[in-house]
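In the two assemblies presented below, chain A is common to both, partnered first by chain B and then by chain C.
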Partner chain A sequence: MKTVIVEPRQFFIWTFGLTVGTSVLVIPSSLAMTAREDAWIAALVGTAINLLMVLLYVVISRQYPGMSWFEIMEAALGRWLGKLAGGFYLFYFLILAGTLLGNLGFFLTSEILTETPIEAIQLLFLAAVVFAARLGIAAFARVGELLFPWIVFFSLSLILALLPQTEWTYIQPVLEDGWGPALQAGFHSAMFQELVVLMVFLPLTKQSGQTARHYFQAAGLGGLLLTSIVLLSVLVLGIEQAANSTFPAYALAKTISLGDFIQRTEGVLIALWILSFFVKTMLLVFAQLQGLQSLFRLRSYHHLIYPLAALILIVAWNTYLDSIYVAEIIQKVWANYSFVHLVVFPVLILVVGAFRGKRRRRVT
Partner chain B sequence: MENRTRSRAWILIALLISLSALLSGCWSKRELNELGVVVAMGIDLHPRGYKVTAQIVNFKDAGKHNTSDVMSVVTYQAAGESVPEALQRMLSEVPRQLYMSHLRVLVFGEAMARQGLTDVLDFVARNHQFRTDFPLLVAHRSEAADILRVVTPIESIPANSLFSSILVSSKKWAATGRITLQQFITQLDRGGSDPVLSGVEVVGDKTSGTTDKIWHTLKPNAMIHHSGLAIFKRDKLVGWLKEQGSKTVNYLLNDVYTTNASFKCPDDEKQAISMQLQWVKSRIDVVLKGEELSGFNVNVYAEANLDSVQCPMDISQSAAISAIERKLEERIVDVFDQHVSKIQKRYDVDIFGLGEVLHRRHPKVWKKYKSDWDKHFKEVDVTIRAQVKLRRVGSIVQPLKKDMMNR
Partner chain C sequence: MNVNWRILLFLLLSILPWYERGYLRNLRSRRDTVLFVLLWVLSLAAAGAEWLELPMPRPLDWIRAASEPLTKLLP
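Up next is the complex of A and B:
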């Protein structure tokens, strides 16, 4: 598998897609609920936390050069413990991919295609995922390059078209209840970008120095895009509606009206979310395939694509019961669950790696 | 090898055939000839709950300039315990599926508005077909159904007529409000401000307005007329403002684009000087005394252009210009003072959003007043200051009357 080579530029696009995908659609409401007028500060805090996590991951990758995340865990925790931890990550990625698919289906069926069965939409999306998975990582990396200009174009047009409607007093007062709510919301939102997924793909790139730099830049840039969408949600919708919308970014797109002439663009801007969903789902699918391959020492993962797709669909149907249930899970459970995989395990590995490195140095 | 290519060919054929299943189109397709496009909706109270009136475009004629004798719209009516139920019931009369995304205006009957709008707005905000950018209106002294049953001249679709007259009048006249669903809901949920909505009424004979006879007369005997702003306490209508009061509110809400202002001539009470105001801006500042609220300062700034002068005064001196400016400033302060204190005394609802300003600027002070803001609003000092700059006098300098008298 190591023969596939991913350009640093393609890695940049992946990181960006992973940061923005889905978060852009749902994050504003939970931020506005906790941090109120300071939702944008919370989004910046979230970005900073994400960057710290990327720093953590890059340091770990320096300790174990050329290894993917699953291999690192085996090397650090020992074979069986490492495989167990790898299993946890596989499950984490599976749940993530499933909820993404569920989220996509719910979004489309509640806002646009209300009479279409949710299963039809999810199957169609999954068909594209399977198709892309069969073509392999290198092809998907190039698809990313094709999609990226569109993601940028749609995000920029969303932001620029909304500027005339901003009401700057809506973000006042700043820090009414101090930093507490902003930090809390920021920490909470940082648990939804799942940048650890990219550790599976890091060894596929050649110039690791440049890739690490792109890892940072894309996480930062994606965070800035999230921040500006959050800021716009508050500036245009006001916190009351931003917090009470099921899909605030879509509600935002609905309000676009340039000179009473360019209106009703939300149907086009949906492409932004679907494209970023696609990038994120694909990365999770490839991460699982790679993980399965390395945990069970398989020669190829091609025969696993269909079963995995079926599994994701089943997870989607059984986790995304209704939007209120999911919102509750997201508020109460998910951040902590995610925290274990995004911070606790990596820190553990870092500490173990540091000890081993010391011991190795002493031996030599 | 050959076997393999053959089986591949079979798979391909099977795939192609299965694709034909997709040719029927998607589940959520909506053909134009199956849709009843609702352009205006009116909601009134009814013993059963709500009575919904919908104005639906008659596609046979829409688009053409009303040359044929078919009406461009038809109104339907149905009642139900909730608005969606009434809309469902309406399908027993309407031959098409109702489509809400092109709604231009939503009108509430006065009785309905007095009872409260939240229950209906919940449906409108929740349903995915409704957009959030159409204006809400209240029928003044009548039912919403009456408003939607008047045929309008010039614009053959009455909903469009209502919509564009709201746009034009709020931009040029400033005594109406273009308050959209989104703005209304935001103000409803927010502490320290109460919403207003624009009012409409039918002037003339309500029953004769329903036929296209209006298109064949120079002076229609029924017209829709914009009638000031409706004041809400939370979601309930509590009173109406007339022209000057509405303008005052719009000035303070910074919603005035251009408008007209006039005052009496210095030496003739019957004549007036009238001006067009542009670039109107107002700024509300909080005055604190230590940690206590002592009042609000409202600064109004406007640029004026001379529109008509009916008094024989000498305009060619810059002293005259500044005299006019001072006079207009006085007049603005007078009118605003009068209406602001009237709204404070009579309604005790903060439609100016003063509480909101206090909250945004001084969150700590706001906490003390938050719980009983309505009471504080009633007694708070509002000082109005105006600054007017007369920039242009128009195409002639001296008043015609002066030239005529000097002859």
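Up next is the complex of A and C:
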């Protein structure tokens, strides 16, 4: 299981993709709805919270060197309790992957391919995911290296093309209602990057010190890209349109017009989103496969790819029923559910690890 | 032509053990085979329920129910 070696730069790309994937399209509207003109401050708060979470994960990985997240839970909580906690994470990753797939289908069928059945889009995307999963983690890591320059190119093109249209009065007054809404929205947005997924892959990387640095840098850089998109959404669309549109970043890309010559460049955003989305979905699928292999001590996970993909598809069909249902869950439930997996469990494991380390030192 | 994607998924899943039989035989691991069968039965049952349009509990509703106590505590 641990023979696959991932380069620190490949880990950087995974972290960046996980931070940006899906969030770039949906986060601006929820931030603008809660924090209004201060949505960009909320995005910065979310980035800071994410960096704190990465710090927490790196400290835990140093307490349990060479172990994946599922092994850490067994080592910290004991065999059966650890397996139970691992089962919760498997369920979390499954629901997350299914919801992402539902989100992809919903976005494409509502905005671009309106005549295409949602199931066809989801099946096609899932076929690419299954194909990549069959080729293994090492191949996926190299695919990430091929995709990353395009993700950077599309992001920079989008930001530069939007700069001439900014209206700075849209973000004024700053902090009119105090820090409360910005902190609340920032906390909510930080619960949508799920950086804990990468703990499954940390032992597969070379040079753990360098990897930890890349973990931080990519989370920070991804956060800054998200902040830029949120800021541009408000600066270009204005607060009402940014808050009320389902996909403000997409609406934003549609407004690009350089000299009445370069127009309708929303395809750039769609490409950026689908590439980072692919990285995120692949990481979730691999995390589930690695988790199943670790929890049940299996020899291989290849034979589990198809049934798992079918379950993800069925979850997608049963989660993204309509945008109102999902918006309500995202606003009221998901952040707290994610909080348990991103913060509560890791803090518990950190405390148990520190306590055990102290006891071990006292015994020796 | 309207394609029934649920039936398609169910049929594809039905032939999965036949497709994976060689790989599982080479693995020579009872544990791997048992987990594959369990996961396959679960996915086949879910696909069958989808096809027959049986009422199923929605995953996000489970999460809502499970997170209810925490939702009251957090802002």
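Just so we're on the same page, the second predicted complex is superposed on the first by the 363 of 364 C-alpha atoms of A that agree within 3 Å, B and C clash if a C-alpha of one lies under 4 Å from a C-alpha of the other, contacts with A are read in each partner's own complex, and residues count from 1 in each chain.
The criterion applied here is as follows: a contact is a pair of C-beta atoms (placed from the backbone, for glycine too) under 8 Å apart; a residue touches a chain by one contact, two chains touch by 3 or more.
Note that the structure is predicted; figures quoted are calculated from it, not measured.
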Superposed partners chain B and chain C on chain A - clash or fit: fit
Chain B versus chain C as contact partner of A:Ser323, first or second or both or neither: neither
Partner chain(s) touched by A:Thr265 [first = chain B, second = chain C, both, neither]: neither
Chain B versus chain C as contact partner of A:Gln210, first or second or both or neither: neither
Partner chain in contact with A:Gln63 - chain B first, chain C second, else both or neither: neither
Which superposed partner A:Thr255 touches (first chain B, second chain C, both, neither): first
Touched partner set for A:Gly238, first chain B, second chain C, both or neither: first
Winner by number of chain A residues touched, once chain B and chain C are compared: C
Partner chain(s) touched by A:Gln172 [first = chain B, second = chain C, both, neither]: first
A:His302 touches, of chain B and chain C: first, second, both or neither? second
First (chain B), second (chain C), both or neither touched by A:Pro117: both
Minimum Cα separation, chain C to chain B, after superposition on A (Å): 11
Touching both chain C and chain B, counted on chain A across the two superposed complexes: 117, 120
Touch list for chain A against partner chain C, complex: 95, 98-99, 117, 119-120, 123, 184, 187, 292, 296-300, 302-304, 306-308, 310-311, 313-315, 317-319, 321, 325-326, 329, 332-337, 339-340
Of chain B, residues touching chain A in the complex: 26-28, 101, 128, 131-133, 167, 182, 185-186, 189-190, 359-363
Residues on chain A engaged by chain B in the complex (per definition of touch): 110-117, 120, 169, 172-173, 176, 237-238, 240-241, 244, 251, 254-255, 257, 260, 263-264
Contact set on chain C toward chain A in their complex: 3, 5, 9, 12-13, 16, 19-20, 23-24, 27, 29, 31-32, 35-36, 39-40, 42-43, 46-47, 50, 56, 58-60, 63-64, 66-67, 70-71, 74-75
